[in-house]
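These notes concern the structure reproduced below.
Chain naming follows the written order as A, B, C, D, E, F and G, and within any one chain the residues start at number 1.
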Amino acid sequence: MKNRFLSNILLTFIWVAITGDFAFLNYVFGFILSFIILYVITKGRGDAKYFKIIPKLIAFVFFFLWELLKANLQVAYDVVTPKFYMTPGIVRVPLEAETNLEITLLANLITLTPGTLSLDVSDDRKVLYVHAMYLSDKQAFIDDIKNGFEKRLLEILR
Amino acid sequence: MTNILIIILSSLGAIFILLAAVGFVRMPDAYLRISVTTKAVTLGVGLILASAAIYFDNLSVTSRVLAIVLFIILTSPVGAHLIGRASYFSGNKLWEKSVTDELDGKYQPNSHRLSSGEEFEDEDEKRKKKIKERDLL
Amino acid sequence: MTIEEYLYYIILPILAISVLLVFCRFVMGPSIADRVVALDLLITIGITLIAIYSIVYDQSTFLDIAMILGLIAFLSTVAFSYYLEKRNRKKREKQRRDD
Amino acid sequence: MEFLLAIITGLLYAAGLYMMLRRSLVKLIIGLIIISNGANLLIFLLGRITKGHPPIIPGDSKIFTEIYADPVPQALILTAIVISFGLQSFAIILIKRAYQVVKTDDLDEMNTIEEDYK
Amino acid sequence: MLIAILTGFLFAILLFFGGKKLVNHKLALLPTLIPLGLFVYFVRFIGEVSNKEFIHKTYEWIPSLGVNLSFTLDGLSLLFSLLITGIGTLVFAYTSSYLKGHEYLDRFYGYLSIFMGAMLGLVLSDNLISLFVFWELTSISSFFLIGFNNTSEASRKSALTALGITGIGGLLLLGGGIVLGNISGTYSITEMLAQKDFIQGHEHYILAACLIFGAAFTKSAQFPFHFWLPGAMKAPTPVSTYLHSATMVKAGVYLLFRMSPLMGSTSFWNNTLLIVGLITMVYSAFHSIFRTDMKGILAYTTISALGILVFLIGLGAHESYLAAAVFIIVHALYKATFFMMTGVVDHQAKTRNVTELSGLRKVMLPVAIAGLLAAISNAGIPPSVGFIGKDLIYEGTFHFEHSAILLTAFAILTNVFISYAGYVAGIKPFIGKLPEKFEKVKFPSFFLWFPPVLLGTLGFIIGLFPVLIEKSLVKPILWSIGEDAAEVHLKLWHGITPILGLSLLTIASGIILYFVLKPSAKKEAFITKFEALSPKSILENFNRAFSKFSVLWTRIFQNGYLRNYVSVIILFLIALMGYTLVDGTTYKIDYASFARLTVYEVVILTILILAIGLIVFAKSRLAAVVATGIMGYSICLLFVFYSAPDLAMTQFAIDTLTVILFVLVLYKLPKYLKLSDYKMRIRDGILSIAFGGLISILALEVLAQPVNSEISDFYAKNSYLLAHGKNVVNVILVDFRGADTMVEISVLAISAIGVFGLLKLRLKSVERYQK
Amino acid sequence: MQQLLLYPLLFQLFLSIFLMFFWKKIDAQKIISIVGGFIAVFLSGVLFYTVWNSGIQTVQAASWEAPYGITFVADTLSATLVLLTSIAGLAVSFFSSASVIPARLRFGYFPIYHFLLLGLTGAFLTGDIFNLYVWFEIIIISSFVLITLGGEKAQIEGAVKYFTLNILASIIFLTAIAVLYGLAGSLNMADLATIIPQLENRKLVEVAAILFLVGFGIKSAVFPLYFWLPASYHTPPSAVAAIFGGLLTKVGVYALIRIFSLIFLDDVFLDDILLVVAVLTIFSGAIGSLVQKNVRKIFSYLIICHIGFMIAGLGMGTEIAFAGMVFYLIHDIMVKTNLFMVSGLIYRIKGTNNVRLLGDLYANFPKLSLLMFIPLLSVIGVPPFSGFWPKVSLIIASLNEKNYVIMGAIIFGSLLTLIIIARLWSNVFWKKGEDLPKRDHFLYFQKMNRLKKFQFLAPIILLAGVSLYIGFGAEHMQQLSNRIASELIDNTQYIEAVMPQNN
Amino acid sequence: MKTLILRTASNYLLPILLLISIFILLRGHYLPGGGFVGGLIASIAFVLHAFANGLKNTKRLLKFHPGYLMPVGLAVSFLSGVLPVIGFDEPFMTGLWMHDAIPVLGKLGTALFFDIGVYIVVQGVTLTIIFTISESA
């Protein structure tokens, strides 16, 4: 119930933001609209889990942006220079994340960082297969993910 | 001041996009190409849209820009995942200098079930074995 | 040089070159996956083109189109992946039948 | 620019027709799609084009203060596009159905006319 | 009078609804009351008509077209009306025995009644269009009568031939009627007469005459259209009697008679009739002597007689009109007798072959008498009315202004052949020894033998007392075609004149010929050898060739190949457009007025062009589809650049959906095959480029024209103030032109239903053929 | 009651939507369709009556005065065609309710069918060229759906051709609209009628006219654009073929008439093209029909042949020619609809439409045969049946124009029609037919109950009756045609009715 | 497609897309958008959901066949079109407007309801087509 309420508020804000009309009535309207949509799409299913903690989220966003910029530059160097320095490959990354949302977010974040691409999650959700450009040290790569993204992400979500 | 910001942001964005494009052309295999493009472009689009938000300096525009960026961040990795996965089982080979492929043999050819490699034996192989045994008999 | 001119004469050509590069890959292929990625990329660069255009012409309305583009581009990628998967499965089935 | 657009429009018509003249049903439908696009572009072009001024009355004003693009062709094309979407989807399904029934994509094999003259 | 004409039709309708009960065994004679009643009705007019009091009646029908049911009862129409109803009565009565117990007797009477009504309408109509209406109805009803034995293929075929030939004639008559109507401003023949000179001087006179000729010659079986008539002998004998001797075939003659005061006395009119009549009479008389089938003989002599009539009208002199008038009566009497007699023979002895028949007098004496009477009248032996007829014919030819001797010689020749044929058909079957196989032939019932005997006798009564027809019929006929009839005196005995000599010569030659020439199958075979040259086989060959041509033509155009259809359509368009556009075009392209080219435009256009190239040359379907997507997206961007955000959004969404649909469908289809060869590609390429080029030229030319922006200005001005919306495009869609949108969403809904049905509905094999 | 003109239109739209709510209840659909058919006849009858008595009616949709909104116009021609559409529609509703199998009815046959009628009604009533395009599209798409519904091989093959060529026609139509808008900046036909004659560049006007000619020419199946018709009309259920045969090509002819009598006037080149096209259409249709062996194909080609008559009238362009053309149009709608229903009835009786296998009908069903003979006579134009009278006007017109080729073509076409129908009669009704194997589970006409038989026969009788009325009451039709012709010749009446403020 | 990532993403995308579609629908009278695009976006949302979760789940989500949206939408549009005919003897499609503007939506008029009808129909159509194909694929 709480989650649904939170999602409702979140959607209301999205509504107000994209309409760009900050009048009180628009909040009310947005709230009602989101309520209806949520009601329609979650009916018959368990409550969807929405973001719990917004501040952590914001901190995470900045961390992520930093990572993004960093890695981008690395790849850019390889792209621009004539010779390829990369050592690509596909590796198994065991997952600690359990819920759909956790896994999805983690996979997406990995994809968004340059040089890595989440290819798929095993059906038993235990392993994420990642294609990486720089795989000179496989274990270091895996540890990086597990201690960086995954840890921070799970902190937020749990 | 805003103008300079716009110029910086848009230039950065454009360069990232250009880089992505160059990478897209140069990279030797499909996975690398997917890998290179998704983020560079996401970043590039984000930056250029940000410059538009700054230019218009209008809450409604800014919120829209935010929505677009959010949306792209949400969708483009999923897209990359989908197409990367699809290209894997449609048989796209990895670049010959790739160091490892731990996904090899983990997909069941027909159901596309993906094993984590932690089960003892993949069901498909079991079946293959059975067939072989039958053939021997 | 005004900001519009800068965008027009510097940024736009860069984006244009990017578009053409991506298109080259589209033509080159070789796999369908490459083409699909190229399509996706073209649309995404299209979003930036529109953004720049809206600045140059001072028409924020065009950003709405960019929004729609962003929403939908994703869908075609999904569809093509679906296609590749289905086709692949069909091919395998056929192979098995032939065996 | 109009000059180039006119050429492009012609090109769309030409390419559409060329595809319609092929033997594959899929190509035929693609041809129809191309030529429809050509027709839309022609309406757009002949309604005269205007850059950067959509026919949307800006912000607080009640009438246009600057030049604006002719909204009529746009409305017409919109209608035409939506209609051709209906037709196209039907056509695409027709491909599928034809393939199910006739077992070919080759239009020349969808030809029972000869029975008439036996 | 309208009632009189409609009686036949009404009776037919009555028969169709309760026919079987009405015409059952015991009441078979009942329908005879209809023609009898009508006969009596028309006889009552003799008094008025013979006093030159012609009767006119007009019923309005379609005044807007100038078509009215106006009827004239004058001498000519009275004669025909009496023939139609009089002979009709006998034929109806005859039928009651002839087709006794026939399953479809009711239908037969129905057709006969319709025919009779139509025929009456034809001869009574003063309005050319209504005349045509009845004319066509005679064709249609005769189609049914000829094809009465519709399970026999030959019967159906001759019905079709007859309908085809008379159908052509009918349409020509329509054309002729309309031409005349157009010249004179009226369809009333009576009113046209007042404009005789104007009509004859009009540039369309020849056209009108030709059309009228076409009608008359086909209906009256003139050379070279004569061949349908022998074919029509497949019909039951009452039909032959009624239609093909006494009434319908004379409709053409009637028409010529009717039109001659209006169109006649020009050399074109007269000479054509003269020549056609002459050829017909000689040609078919000659043919008649080789025939062995009684009906065949009679058919050819009928044609010949019709030829004589046309010939006489063509002579165009007072004497010849008189001769024609009398000969119509004469011929109707003896030929109907002949046919009915033949019918009885056929009905009782089951054959009509004269080489087999002989001695039948022993089993059917009254019929033999009828045959004799008919043969005598036919040969023109006194005191039959035939003698008077023949006399008048020679009178006509002998006193003609040119080539009188030659014409007379032809007339004699014709009459000799005809007399011979009459002997063969009317006498030969009854004399000599009765073969064994005919010994058991039963005596015919009363209504089979009585009508022919009655008619035959009538011929002698009139021959002996020509006054009977002189005042009542012959004079009014001449009046009705505008001739003076004061001097007309019909007599059997004119004294000893050259004409008498000619008559005697004819009779004698006929008798001699009868003894010299015996009918045989061999002779018939001999003449049929020449069939290849006959108009009939020429027409048949033409028909065959035409059929082949039809198949060829239809096949060329409707060849089943969709791309050929597309090519032809586009070629047609290119030809017309190219002719108009290229013709005198001055390519005024004002480059300066074109907007400045920008980088993104160049990029987008490049992509667009490349995408098009990719689609065209793609080697896989999917590549083509993806390229189509790119093409669509590029166009979207163009829409963005040229201020059409709504368009861009919609097209973008729709293109994506289309691509998805394609993708969902495609993976089931087989691989792209390279199906068309190199040459075909080049040809299609040229066609396509020509088409696209024309469109480009057209676009450029239109762009150079001034703009009228009144309507968009109105929208721009009022979109917010009156329609409360700022996005003018959307306001147009939901308000200014909302009706379009309403239809458009209906289109969408329909296509969705269609898709649903197309994929979900699978008919069971049983349902498939339930169209 | 000002909106009277829209009632037939809105009612059909209502009916279509309403029927969709009864998606799975096919019996309800049958009843709604038939009852609705009667109401539609009533509404269009009222419209016709009003137009006949009070002249041209107009409605400016959404209250925007012409040329800014979409104008709906009912002149006598439109009102007549709307009335005929509703009559044919009613007949085919009846016929469908008996002859279309439940499987098809369960997949939206009736809603689509009424959408088709809606499209036809709209096309006849609209006064806006783009709106006409939209109506054409609704006609096309609904006919596509009807033609493919439950389609097997032949039907799908036919549908592909039908589809492609009709879409091509639409695209050409759209191209024409583009050119017209580029030149005149207006879409309202009355407005165009005032603007177009004033344009200086006649050449471009001519090109626009040619585009319309070809676009509508494809729809009306003239030579050499008719291919789709013989390729497809024999494939769908006979009820569908009936409404197609009666009205689909006619709406193309209507559009040609409208365009060439209102907007593009006095162009000798175009008139010549129309005449050449007319002659070749008559010729191709007639000889095409001659070689066919399937009842429906024979009728299909006859449609083409007779379209030629109307195009000839249009090409001659005189008042009397128009009168003939319009009269022929009226006659043809009724009789062709009926002919295809007759073909359906024949199919129900014998289980085939193949002329070679058919026969015996007259012997076994004399009354039915004579009933069927009425439309056959009408189509031949045996006087005084309905097809005859317009030919008189057409021949008069050709004589006035001294166009003997047209006159010859009309006579040729009539003759061949006569021969074709006579042969058909001979083969189908007279001939001793082959002993056809009885089809399992096929509901032969002979085995139907009275209600079903009634549903089969009532529409044929209805239309035969209308045909007879047209033929014997030709004076009424002639007056009607004359009035329509005079309205067509003098386009100022139309323009004034649409844009009274201009004068 | 059996991919957890897409499935999860689409579950979150669905409400967002629906929201945006309504937003696009409602502002169509003032800015680019309207019933068509709105409807298309809404249907894209469901299509996406169907791709990710399988058709059965999407259908379960919708609870009724999307085909039923068509007559409903048509009826809404039709009624807002004929309301002036029936109620006011005004021509078909004549706009009827409330006197005072309400917040967010601006002035309420039949045009808006008409557009809502369009929105519904477009969804019904698109979903019917795509679902039908997927089912018979």
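In the analysis below, a residue touches a chain if its C-beta (ideal position, glycine included) is under 8 Å from a C-beta of that chain, and two chains touch if they have at least 3 such contacts.
Since the model is a prediction, treat every value here as computed from it, not as a measurement.
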Greatest Cα-centre separation from chain E belongs to chain A
Per the C-alpha centroid definition, the whole-Å distance linking chain C and chain D comes out as 21
Cα centre of chain B to Cα centre of chain G, whole Å, reads 31
Distance in whole angstrom between the CA centres of chain B and chain F is 57
Expected list for chain E, residues touching two or more other chains, is 551, 558, 560, 562, 566, 641, 645-646, 649-650, 653-654, 656-657, 660-661, 664-666, 668, 695, 702-703, 707, 709, 711-712, 715, 726-727, 729, 733, 735-742, 744, 746-756, 758-760
The positions of chain B in contact with two or more other chains are 22, 34, 42, 58, 60-61, 64, 67, 71, 74-76, 78, 81-82, 84-85, 112-113
Where chain G touches two or more other chains at once, the residues are 1-3, 5-6, 9, 12, 16, 20, 30-33, 36-37, 41, 44, 47, 67, 70-71, 74, 78, 92-93, 95, 125, 129, 132-133, 136-137
Touching pairs of chains in this structure are A-B, A-G, B-C, B-G, C-D, C-E, C-G, D-E, D-F, D-G, E-F, E-G, F-G
In the complex, the residues of chain G that touch chain A are 2-5, 7-9, 11-12, 14-16, 18-20, 22-23, 27, 60-61, 103-104
Per the touch rule above, chain A residues touching chain G in the complex are 7, 11, 14-15, 18-19, 21, 23, 25-26, 29, 33-34, 37-38, 41, 44, 48, 100-101, 103-104, 107-108, 118, 120-121, 123, 125
Given the complex, residues on chain E that touch chain G span 645-646, 649-650, 653-654, 656-657, 660-661, 664-665, 668, 723-727, 729-731, 733-735, 738-739, 741-742, 745-746, 748-749, 751-753, 755-756, 759-760
Interface with chain E, chain D side, in the complex: residues 1-15, 17-24, 26-28, 30, 33-34, 37-38, 40-42, 44-46, 48-57, 62-64, 68-72, 74-75, 77-79, 81-83, 85-90, 92-97, 99, 104-108, 110-114, 117
Per the touch rule, the chain D residues reaching chain C in their complex are 51-54, 56
